[in-house]
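Heads up, the next two complexes both have chain A, just with different partners, chain B and then chain C.
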Partner chain A sequence: MNQWLGFLKKEWFESVKTYKLLLVLVIFSILGILNPFTAKISPVLFEQFMPEGALVNLPEPTALDSWLQFYKNVPQMGLIVFILLFSTLMSKELEKGTLVILLTKGLRRSTVITTKFFMALCYWTLAITLSFTITYAYTAYYWDQSQLQHLLFAASCLYVFGILLLAVTLWGNTLFATPYGGTLVTLLVVITLFIAAIFPTSANWNPLELLTATTQLLTGELTPLDLWGPYTITLFAAILVVLLTMSHFKRKLL
Partner chain B sequence: MVVQINGISKRFGDHEVLKDIHLDIPEHTVFGFVGANGSGKTTLMKCILGLLPLNAGSITIAGEPVTFGETKSNQYVGYLPDVPDFYPFYNAIQYLELCAVITNIPQKERQRRIAELLELVGLASTTSLISTYSRGMKQRLGIAQALLNRPKLLICDEPTSALDPAGRAQILSILHKVKEETTVFFSTHIVSDAEQICDHVAMLHEGTIIFQDELVNLKHQITGQFIFTFTIPVAEAHERLRHTPFEMKIDSKQLVVSLPNESTQLAFMQELTTQKILIQSMHPKTRLLEQLVLEVLG
Partner chain C sequence: MNNDMALFMEYLPFLIPLIILQLGLAIFSAIHVIRHPHYRFGNQVMWLLIVLLIQFIGPLIYFVFGRGDHNGRTN
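Here is the complex of A and B:
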């Protein structure tokens, strides 16, 4: 346990010194502010860009618009930046050889994987919580949110999907031990999920469903029970990928 | 023996990098492992550390068998890679503290041990971040981290190859000093480094051990020649001995005389007495390790 905490402390120290903490705080705070702000000014912007004299009947923005921005911006911008920030967790150490010294001192290979994954998970939790809280507070200031359904569950869908992508990134990065390995593998997995989504039956298991079903969740057209398949499969897949990464790293030649 | 290597082989695809290697490393010695680049030195070291699986044979360290991956034998080992890299955001103390946690050194002992080692490697007064360290400083920090858990075996892969002469001298002096505490196994392609501090030397060439012996035995393969200096200039001594039957020549202000057996040696001494030439120094001309290595390399 001492070893695990010791290496986790190093991971934390490194993330602070390499500005990961600062970047996550800044990016996800901006996203949190941007969501309700974009929803609020969208009608004004539309009016500005319409030809003079054109009559457009734009509906007043609501809390739902603000949250739709959240579920568009956080996975599209936030998650991508997040994955890029954490895409070299293993390759950097393997390339430089910093890990080899510690491994020959008895550092367990599983400790390396679990601490790195845990640290990334903590950051992802911080990122989602921060962005969610700011969006919630800012939206509550402008609009009534009482009509929205399953707000927390919908956010947890995005959170769980992010965990899966983090696990896949770490696996790819360990497998190829190059800076782009993790990102490339993640990209391939996402493309595969998009291709699978063409088939309607995939909605029962496809993790991508967790991102695409958020509008229906918020409007009450879907309930959490409707997403139990993709939800549990995504969580299960994330755990499986982490175990696979540990097993792969145990056999890796250094 | 602290390390016993019994007939190990290592292949990468079709290429056999190590071929039936047998090697015993005695305790409290400095064991130099020489060989050209690409001869398999680093591969052998990685096999000893359990970082690579073997194709045949076995290795034990302090009686503990080495296995691939998380090997228990590493509790007896300290390792310094050829180009060590450390976390640049730490200073030396912070880095050694991390290593101490990983090697389970009791908290009470940590500070004292870290201070002791930083003193040994000459980094005690350095508080700056590792990112500002020179290559020599990194090598010295590398030795400190490798010695942290008082290993029975210190493995150093080419510790001097990338250093300037001053840096090399520092590292060699540290390695020589730590012999009392541990056994040093270090690889190098700089033969003079091995010659300077080793008790035992082995040479690896194309995956095979060509020779291994105590350095003293390897060096003292007398060629039948003796080197003399005298209280008078060497040219004058040469002139006075010219008429004698001994084969001799002047080499770097010394007289090199061929005296292949005891009778010629005694005869030459008598001649010197007759000529009243006083000897200042005299020693057998030895075969330098470098010559031996060059002979192997062709």
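Here is the complex of A and C:
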């Protein structure tokens, strides 16, 4: 346990020194502010750029528009940023060979994987909380949010999907030991999920459903119970991928 | 004109933090690029352009992929 905490501390210092904390804080604050801003300004922009005399009936933006922006921006921009940021999680130390020293001194290999994953998880929690809180604060200030359903559950869907992607990135990173390997594997997994989503029956298990269903969750067309399939499968898949990474790393030649 | 000013004032709560964050990040990264002239690939002018012109993805790519080590080794 002591070893685990020690390595976690090392991971934390490394992430601060490589400016990861700063980047996560700044980028996810920007994303959080952008959501209500885009929702509020787009009707005004439309009016400005429409030709003179053209009559357009644009509805006033509501709290739903702001949250739709959140569930569009954070899964796309946010996840891309996050995966890029943590795509060098394993490969940097594997390339430089600094891990070998620690491992020969008796550091357990599973400790390396679990602490790295835990650290990335902490950062993901921080990122989602930050951008959720900022969007929530702005939306509450400008609009009435009472008609929205399952706001927190929808955010947790996004969170769980992020955990799966993180696990996949870590695995790809350990497998190929290059920063591009991890990103490439994640990209392939997402493409596969998209292809699977073409078939309507895949909605029962496809983790991607967690991202696409958020809109219907907010309007109340879907309840959290409809999503238990993808939700549990995503969680179990994430745990499975981390376990696989651990067993793979144990057998890896350094 | 008066209308424009009112519009501008209305969006001020969004604009101030956005501008501070974006400019702050861009300037911070630009200073880092100038003060640490060792990169894994590319040169100073390229990284300055990337950091200053591409909003928040630019600094991210610089810090994750482009930043050299502190001891001056280029790989």
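Everything below uses one rule, namely that the second predicted complex is superposed on the first by the 254 of 254 C-alpha atoms of A that agree within 3 Å, B and C clash if a C-alpha of one lies under 4 Å from a C-alpha of the other, contacts with A are read in each partner's own complex, and residues count from 1 in each chain.
Methods note: a residue touches a chain if its C-beta (ideal position, glycine included) is under 8 Å from a C-beta of that chain, and two chains touch if they have at least 3 such contacts.
A quick note: this is a predicted structure, and the numbers were derived from the prediction, not measured.
When the two structures are aligned on the shared chain, A:100 is found in touch with chain B, with no touch to chain C. By the touch criterion defined above, A:33 lies against chain C but remains apart from chain B after alignment on the C-alpha atoms of chain A. Of the two partner chains placed by the overlay, neither chain B nor chain C lies in contact with A:137. In the superposed model, A:18 lies in contact with both chain B and chain C. By the touch criterion stated above, A:191 is placed in contact with neither chain B nor chain C. Legend: residue contacts after superposition of the two complexes on their common chain; A:41 is shown touching chain C, with no touch to chain B. Residues common to the contacts of chain A with chain B and with chain C across the two structures: 18. Contacts from chain A toward chain B in the complex involve residues 2-3, 5-7, 9-10, 13-14, 17-18, 96-98, 100-109, 250-251, 253-254. Residue ranges of chain B in contact with chain A, taken from their complex: 46, 49, 51-53, 69-70, 74-75, 77, 79, 81, 83-87, 89-90, 98-99, 101-104, 142, 145, 148-149. For chain C in complex with chain A, the residues that touch the partner chain are 7, 11, 13-14, 17-18, 21-22, 24-25, 28, 56-57, 59-61, 63-65, 67.
Chain A contributes residues 18-20, 22-23, 26-27, 29-30, 33-34, 36-37, 40-41, 44, 81, 84-85, 87-88, 138, 179 to its touches with chain C in the complex.
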